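See the structures that follow.
Shared between the two complexes below is subunit A, which pairs with subunit B and subunit C, respectively.
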Partner chain A sequence: MSSWIELLTENFDALASGFWVTCRLVVGSFLLAAIVGTFVAALRVAPSKWLQRAGGVYVETFRNIPLLVLLFIAYFGLRRAGLPINTWTAGISALGLYTAAYVAEVLRSGVFAVSRGQIEAALSLGFDQRETLRRIVLPQAMRTVISPLGSITIAMIKNSVIVGGAVAINDLLKESRIIASRTFETEAAFFWAAVGYLLLTVAATLAIRRLEHRYAIRR
Partner chain B sequence: MGYLFDPDNWEWLVTENNFQFLLEGFLVNVQIALIALVCSLILGLALALGRLSRNKPFAFVVGLWVDVWRNLPVLLVILYVYLAMPTSWRDFYEDVAPPFLSEAVQSGRVFAALLALVLYNSAVLAEIMRAGIQSLDRGQNEAAVALGLTYWQRMRLVILPQGLRRMLPATVSQLITLNKDTTLVYIIAIEEVSRRGRILTGFNFFGGVQAPLLQVFLVIGLMFIVTNLALSRLSRRLEIRERRRSGTTVRPIEGLEDQVATAEAR
Partner chain C sequence: MQGTTWRWIAILALALGVLVASGCGDDDDEGGGSAATTTAPAQEFAAGTTMARLQEAGEITIGVKYDVPPFGFKNPRSNAIEGFDIDIGKAIAADLGVRPKFIEAISDNRIPFLKDGTADLILSTMTINAERDEEIDFSEPYFIARGRILVKKTNNEINGVDDLAGKEVCTVLGSTYEETLKKQAPRAERRLVDTYSECLELVQNGAVDAESTDDVILTGHIIQDDSLKLVGEPLTTEPYGAGIKDGDKEFKEFVDGSIQKFKDDGRWARTYQKWIGRYTGEDQEPPTMTLQEAIDLSK
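Let's look at the complex of A and B:
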């Protein structure tokens, strides 16, 4: 056990930099996923059939394709095609666009979970379509989607590992693999990487629980 | 766009047996997913029942086990299990692997991949099953107790048939996730579809590039989209048929791992 702690103290800088890289990757992808996801969800509840269909195609494509394949397309594929895309752009856009499909589904279901009566009441009170959406539907939808959005965030933290596995971004797992192959202490190196990821997922879980406690609607 | 649809860049698909080569690789993914699914369902049920056990310390330990595996990235688990597994286990697997599996699935590395996928997915499925069982009305269990059924009779005849029916949609989306996750075993050099894609697009003996990477991986992605869409259609079909037959409504369980909670449209 003492050798495990020694491994941590000796390689703390490398592990910490990997941890920081993972954090940046997660935050960047989350922002992208939130923006694109909201946009796609808006398409899916739009009044036009064609816009709805376009949103549906996006969701079904990105939800059913493995993230690894998406990464290969986004990085190696586009590079071979002559587009000088860098690792961070490829990593964040693959992870972000992949997660956006899930975000869109959750947001859409949140909008549909607001009962029809609410919308009818708002319209009969003289709110127009846009105002009804902004003042009546969205505030209620936001509250129902907190916990599913939370589990998507946690899944995204775990999926960020795949980015480091496929393209050259030195995230936490990559750093610990480097340490493992240098010191041959595989178990200890992976143990500390696992601790790092558990720290992130547990922190996210606690944050979501707090948000839920404050805003979520209990049924 | 010109690059993408240029016929020269699609020529690889019809030359020699490239497409068959990819398809055989995809079959490896499917086999791994199926074996891992069956094992995870069995282990997941055991874990779910363990977590719901009356014996509090036991339930706590099982809960801890489930939470740890569920919150670790699969790729890390695959790598770790592969590196930590004794060679004797791999040899054992190579000895007992049935010959009807693809050659790539009979290699000892696959045992590590399977073990990792089962560890992760059984934990996720255990949570889905627990939520399914707990969403049942208390009265069901109480009535079964009042009728004098033993624990196993209650589970087999009353609780599980209802609870498992409710978790069908969540289980199918986990199966889709599992199917996608099988591409990750490329990291321990199992020759499945994404590794075969890399082989196809790698440099050949003379230093020239063989097939364009973008197109190859688009085809691989399409294989996954087709199978996963078929799976979700199938589950929708099953759900509707079940609903019509039993006259009950199935409420999806929300808030689980990497899957979308679909609120019922009202």
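Let's look at the complex of A and C:
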């Protein structure tokens, strides 16, 4: 065990830089996924059939292509086609757009979870469309989507290792593999990588807990 | 909405069925090109040695590269694994009188493969150095490569290792070039991938400026794509050795003897001509460097 701590102190800079790269990758992809996901969800519940279909095409495309293939298309494919996309843009857009499809589905199901009867009741009580959405539908939808969004975020943190592997970004896993290949201390190197990922997923879990608590129904 | 519910149930059942079916159909098609000529056991070995164990099993598992022409690569036509390393592996297996089974061992996992017994022998363009020698044992050097730099022919900026400062250079995770580049081109940005074929792709599509590794591997890239070129003086000398589990003295002696025979009876020169000389137009003598010299070189 002492040699494991030694490995951490000796390679702290490398592991910290890998951790930081993973953080940036995850935060960037999360923001992109949240923005695009909300937009696509809005399309899917829009009053026009064509907008709904456009949203559906997005979700089915990005959800049905494996992340690794998306990365190859975003990085190698586009570069071959003459578009000099950089590593970070390719990595964040692939992971973000992939996750956005899942976010959109969760948001849509959240909105649909509020029964039609409530909307009719609100409208008949004199709320207008906007108010109905803001005061009746969204607060209830929010409650149902928090937990699945948390699962998606955690899945995204773990999926970030695929980005590091495919487009040669030195993320946490890659840095620990470099350390493992240099020191041959495979177990210790991967143990610290696991601790790093655990820090991120635990942080995400706690954030989700807080949100769940805030939106919980007080009975 | 209600009318289509049964359809969704049908789709769900179908998806589940597919999942179950694909989970079961896990067939093992590893070890292409294992159909080598098996000669009668050439030698008897004492019980308990690795050689006796392998003869008992009738098979030796050798970790090789699958994407490094001309050393170890999958022939796209026959799907067999071929190359210089493969021919040496077949010779060693023939001396033991067993079938060679080739598995893919990339730079990053070949030493763990030896340690955990996944592979009995590693022949995967592995440079002998002092750090690796602490972890595993090496045979005497069977090939000597030199470290070079590969760029696109259209690149006139990079003419040697000193021009790599501020440029992106690809090499393979777990290879000796990670350290070499750190020392000789500290200001270059290193991009580390798993396989040389990924490096080739990155150079071709312009994501990195250069690739640095052994000349023979880079020559393999140029054979595939003649819009690339080698630049600069050799950075390093890279003696290749076969990897053997740490402390297995008898097996190391056996492998050394087998490789020495391969060098002495002209097979080495023929194999060199078959895989490398044909493309470079040069003949070469088998290496005479000893293992100790190779280890000292890396210090």
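Basically, the second predicted complex is superposed on the first by the 210 of 219 C-alpha atoms of A that agree within 3 Å, B and C clash if a C-alpha of one lies under 4 Å from a C-alpha of the other, contacts with A are read in each partner's own complex, and residues count from 1 in each chain.
Quick note on the criterion: a residue touches a chain if its C-beta (ideal position, glycine included) is under 8 Å from a C-beta of that chain, and two chains touch if they have at least 3 such contacts.
Remember, it's a predicted structure, so these values are computed and weren't measured experimentally.
J.: Go through the superposed model and pick first if A:I162 touches only subunit B, second if only subunit C, both, or neither.
T.: The answer is first: A:I162 touches subunit B but not subunit C.
J.: Scan A:K174 for contacts with subunit B and subunit C and give back first, second, both or neither.
T.: A:K174 sits against subunit C, while subunit B stays out of touch.
J.: After superposition on the shared chain, which partner residues are touched by A:E105: those of subunit B (first), subunit C (second), both, or neither?
T.: Touch partner of A:E105: subunit B, not subunit C.
J.: According to the stated criteria, A:P139 is in contact with first (subunit B), second (subunit C), both, or neither; which is it?
T.: neither
J.: Who does A:R182 touch here: subunit B (first), subunit C (second), both, or neither?
T.: Second partner only.
J.: Looking at A:R80 after the superposition, I want to know if it touches subunit B, subunit C, both of them or none. Which is it: first, second, both, neither?
T.: In the superposed model, A:R80 contacts both subunit B and subunit C.
J.: More subunit A residues touched by subunit B or by subunit C?
T.: After superposing on chain A, more of subunit A is contacted by B.
J.: Enumerate the residues of subunit A that count as touching subunit B in its complex and touching subunit C in the other.
T.: 76, 80, 165, 177, 180, 186
J.: What residues of subunit A sit close enough to touch subunit C in their complex?
T.: So the residues of subunit A in touch with subunit C come to 75-76, 79-80, 84, 87, 165, 168, 170, 174, 177-178, 180-182, 184, 186.
J.: For subunit C, which residues count as touching subunit A in their complex?
T.: Within the complex, subunit C touches subunit A at residues 107-108, 111-112, 131, 134-135, 170, 173-174, 178-179, 191-194, 198, 201-202, 205-207.
J.: Under the stated contact criterion, what part of subunit A meets subunit B in this complex?
T.: Checking each residue of subunit A against subunit B gives 60-61, 63-70, 72-73, 76-78, 80-82, 102, 105-106, 109-110, 112-113, 115-116, 144, 147-148, 150-152, 154-155, 157-162, 165, 173, 177, 180, 186-187, 190, 193-194, 197-198, 201-202, 205.
J.: Which residues of subunit B touch subunit A in the complex?
T.: 3-4, 68, 71-76, 79-80, 83-84, 176, 180-181, 183-184, 186-187, 194, 197, 201, 209, 212-214, 217-218, 220-221, 224-225, 228-229, 254-266
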